[in-house]
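Labels for the chains are A, B, C and D, by order of writing; each one numbers its residues from 1.
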């Protein structure tokens, strides 16, 4: 029956797919049998007992035994089906503890994915094959729904709240992601791709930090501004020259800055790099040594962007 | 009230399927009982019983409601079908409440492990203060793997010393 | 919907085919006046069941939001004035009593007494609204308003939306109840008018009885609203 | 007049027809617009819901035409037929019109209004004024919906899910208010029918002597009265949310969008039974009449109607399995959902039991009844896929769901409605519609229906989400096939409309009891006189007693 499953269902892409398809096909055959059990008698009776003038019909008002049988049998059948469905649901609803966690932010009308190391991507989701992946999802505007037909998973994404879904991909290659909760004009275009790849390829992908920045290749200062917000630089550093907990970034590029130890240093790439990794090494005069280290949290292209941003603020 | 009690039970109109039930005496007694119960429920609210206060208040309210329905609305004497209709209203209300509460009380509010890097839903650019309050500890396995996780902006910004709500409030809350 | 409830008792008023048992209020499709009265009463009770569920939806929403913001709700409760709620409870209970007396008088052909009790009931209803007015204006002054209009300061969990949600429910539930009181005043005035015209007797007092039932359900809803809002502090 | 017993399908045609009937009793616009006669109100409702059906059907055809090609173009044109925004408005209108303006009032308010007092042997419904008020509320609601449509239409989907519905542009508040008004129209109809059933049964008619149609309409009334107020309050909250930002459903200010879904489905799931129970009720009339045999398991069918109404209140969470409700709630709702299978199964098997050893004449209404059995079986059985948790995760919010509820609502309710319309058409109009055309249309309808919607089960299983304007090219052949099917349905329905209207041009030729039915509505003339019966009928036999009576 494998061929029929293949005709009726999408390709099997996760560990859930086998179970879901088995239940689906079982229900399919059950439905076929029950449907024939209803349609065939209906049509047969209509022909076999077709109208003949003067035929007297028996006056049978009821048959309690028969009626109990056809009430109880469906009930038992349903209890069985319920528990079978419950089995698959239990797996679906509880993610294994070791699952890698990817955050999904849905908005009209695209997907943003964020990996444990902070790498981000929009629209394309990379996951390692044969490893459980858990998605913690939230929405910025209305309700969306993360639906990967090949993985047989689906869950609503609700604004103001996080929901969870998980799967273990088993098949290399790309699979479709669609939004399954109506969200407006672009609903049907709110699609994405899951790329299931080998562990090595996935690590390689993470090392580059996603592909989101490529859109900003020609305008790295904008990319830097996004990082300024995302990494939280904005909570201490301003871009407009006003005072905050840390020195403003405006106009510092290429200038000499006086430190608490009395020396002055030129603000250049090396200085910014040092401030990112070892913030306590040099403290600008008039400020407290409160900045935490960002070592390992900023990828090369993000750093490039921040430098471009500071350069642009002359 | 005593001014109205001189209105006595009327016996004149006893014809044509007249069902004389209740009467002034019963109505007055019902009113007095209702007023006493009101006093009791107000009094009980001054005693701190914890969650018991709600239970006591609702039990007394139900007794009062029953008095109104039975005596003022004549269900005590009327055909049972009216009572069944009224009870059906309350029954289905109970079903609605029970199942909705069952969902609300057993809901899982997931939180990302790396909450400090999460863009705040709905209000991009502001710190997810309510989430940082809820999170007991940011040194979860994933963040521990990245050195210097203490440098997360949310942790760096001074978190307001407000108590965490008992249930995780939506992350959209602004301070 | 409150206004359309007028239709329920009203169609007892004009038997247009007029070939019944002689009573001008008898409608042609009922065999007896008693059947007609029972039917009208059943219809009214069914309508009351819909009222219970209409308010019930708000009670359920209140319960769920209370489970979501328990501390905020308890704190917000303290902003409501207990004596105002208690006074209104007493007023409504008394009005229920005068209403039932009005029905009893109408049933016993006592036109004067019916009018007297109806007037008392209407006065109680206005008294209720007056107290409500002072209550509402206090809330407006302090900025304890629903949803995005909430402006009050000094909450112990600043910024939580629980308070605004509480007052959203407070205004919706007491407001819907208030609308029912207003509709009740309209209905009471209407049957007062008909009483003065002498339209009711022991054979036909259906509208008085049905408006009475309506008025009692309004009281009954308040019996639940009162402890839920004013006593849980 | 004695309860006239008709034996073995004896079709009476020679009774003298009264000169006056409810149609020619009085004339002029006001004699209709101000009427309190349940028959005239039923006819006005019928015209109203059929107009709504026509309008909703037009939108359905437009949706299918748009989805014919992935580019939404026809005849090599460059511009799409409608844009994505227009498409969203069209499917919203299709859903809202079909649900609130058509299916919910379709059977109870039109056919039910006409037939219920006749079947009970009553002169009218309990509250004729309320009945007329209900109709005018329907008209008001319809006018408001049309106005909202003219003002740009809403794109929320008929479900009005927050926060989309609270943030999107368009006259959402007006549309919501329209549905609110329609809700009260529905409440008043249900209330009226319950009171009528309780109080206006003919002498001798106990609860278990009522025709099963009454049981179905009565159960429907229970749901209308007990569930619709919650819809009312939900819509009020939605309007306040949009108008005043009260924030019960808005996550931005502390609300919970899932709470809206609880409120909405607490009504809208029972509403599914408001739609299907009257359909089942009609089938319970058609099958014994055309099998000329007493109904098999009368009490079981009667009880199953009531129990379906009750069970419908405790399964609403199955619309929310993946919507963010708690896992416990999901499991409980799934388990309860399977309870629906039992009363539904009981009905179907009892209908088959009635046909067994019957004397089945395949006139148009019976053709629709058999069509109903087949379509409803598919609709019911595919419900199992959706009630089962693990498969529902994959299938929910896809075309599988679309196909499932069309099989139940259209394949079930609309098929039964058409059957009932043909069944009572002679009683309502005094004319017999063409049998040839009727049977042809019924076969076309069944074939077209399966072409349109059976296809969609496969689309959904393959992962085609619902409410999609653009779709992957791989789905194109199935979509095209489905669209062709929609033309076949359209053709059959236009054909039906045409020959039914054509029958009105004939002189009155319908006998009082053209099908040999045993229930009371066949005891009065076709069309009935103003007050239904010449004399108060008295019930002395079971409602579906086809045994010959001594002395006849």
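Basically, a contact is a pair of C-beta atoms (placed from the backbone, for glycine too) under 8 Å apart; a residue touches a chain by one contact, two chains touch by 3 or more.
Being a predicted model, the structure only gives us computed values, none of them experimental.
*Asks:* Taking contacts as defined above, which has more of them, A-B or B-D?
*Replies:* When the contacts at A-B and B-D are counted, A-B has more.
*Asks:* So what's the Cα centroid distance for chain A and chain C, whole Å?
*Replies:* Taking the mean C-alpha position of each chain, the two centres sit 50 Å apart.
*Asks:* Could you grab the centroid distance between chain B and chain D? Build each centroid from C-alpha atoms only and quote it in angstrom.
*Replies:* About 37 Å, centre to centre.
*Asks:* Could you tell me the distance, in whole angstrom, between the mean C-alpha positions of chain A and chain D?
*Replies:* 39
*Asks:* Residue numbers in chain D touching 2 or more other chains?
*Replies:* 198, 226-227, 230, 251-252, 254, 256, 258-259, 262, 324, 327
*Asks:* Taking each residue of chain A in turn, which ones touch at least two of the other chains?
*Replies:* Answer for chain A, listing residues that touch two or more other chains: 141, 159-161, 163.
*Asks:* What residues in chain C touch two or more of the other chains?
*Replies:* 38, 42, 46, 49-51, 53, 56-57, 60, 64, 68-69, 160-162
*Asks:* So with touch defined the way it is at the top, what topology do the chains form here? Options are line, ring, star, complete, other.
*Replies:* Graph shape, chains as nodes and touching pairs as edges: none of the named types, so other.
*Asks:* Between which chains is there touch?
*Replies:* Result for touching pairs of chains: A-B, A-D, B-C, B-D, C-D.
*Asks:* Please output the residues of chain C touching chain D within their complex, sorted ascending.
*Replies:* Result: residues 1, 4, 7-8, 10-11, 16, 27-30, 35, 38-40, 42-43, 46-47, 49-51, 53-58, 60-61, 64-65, 68-69, 146-149, 160-162, 164-165, 168-169, 172 of chain C touch chain D.
*Asks:* Along chain A, where are the residues that touch chain B in the complex?
*Replies:* Residues 101, 103, 105, 112, 114, 116-118, 136, 138-141, 159-164, 229-236, 290-297 of chain A touch chain B in their complex.
*Asks:* Residues of chain D touching chain C in their complex?
*Replies:* 36, 117, 122-130, 133, 137, 184, 187-188, 191-192, 194-195, 198-200, 225-230, 232-234, 236-237, 240-241, 244-248, 250, 253-256, 259, 262-263, 531
*Asks:* Residues of chain B touching chain C in their complex?
*Replies:* The touching residues are 1, 4, 7, 10, 12-13, 15-18, 22-24, 27-28, 30-31, 34-35, 38, 41-42, 44-45, 53-54, 57-58, 60-61, 64-65, 68-69, 71-73, 78-79, 81-82, 85-86, 88-90, 92-93, 96-97, 100-101, 104-105, 160, 162-163, 165-167, 169-170, 173-175.
*Asks:* Given the complex with chain B, which residues does chain C contribute to the contact?
*Replies:* 34, 38, 41-42, 45-46, 48-53, 56-57, 59-60, 63-64, 67-72, 82, 86, 89-90, 93-94, 96-101, 104-105, 107-110, 113, 157-162, 202-203, 212-213, 216-217, 219-220, 223-224, 226-228, 231-233
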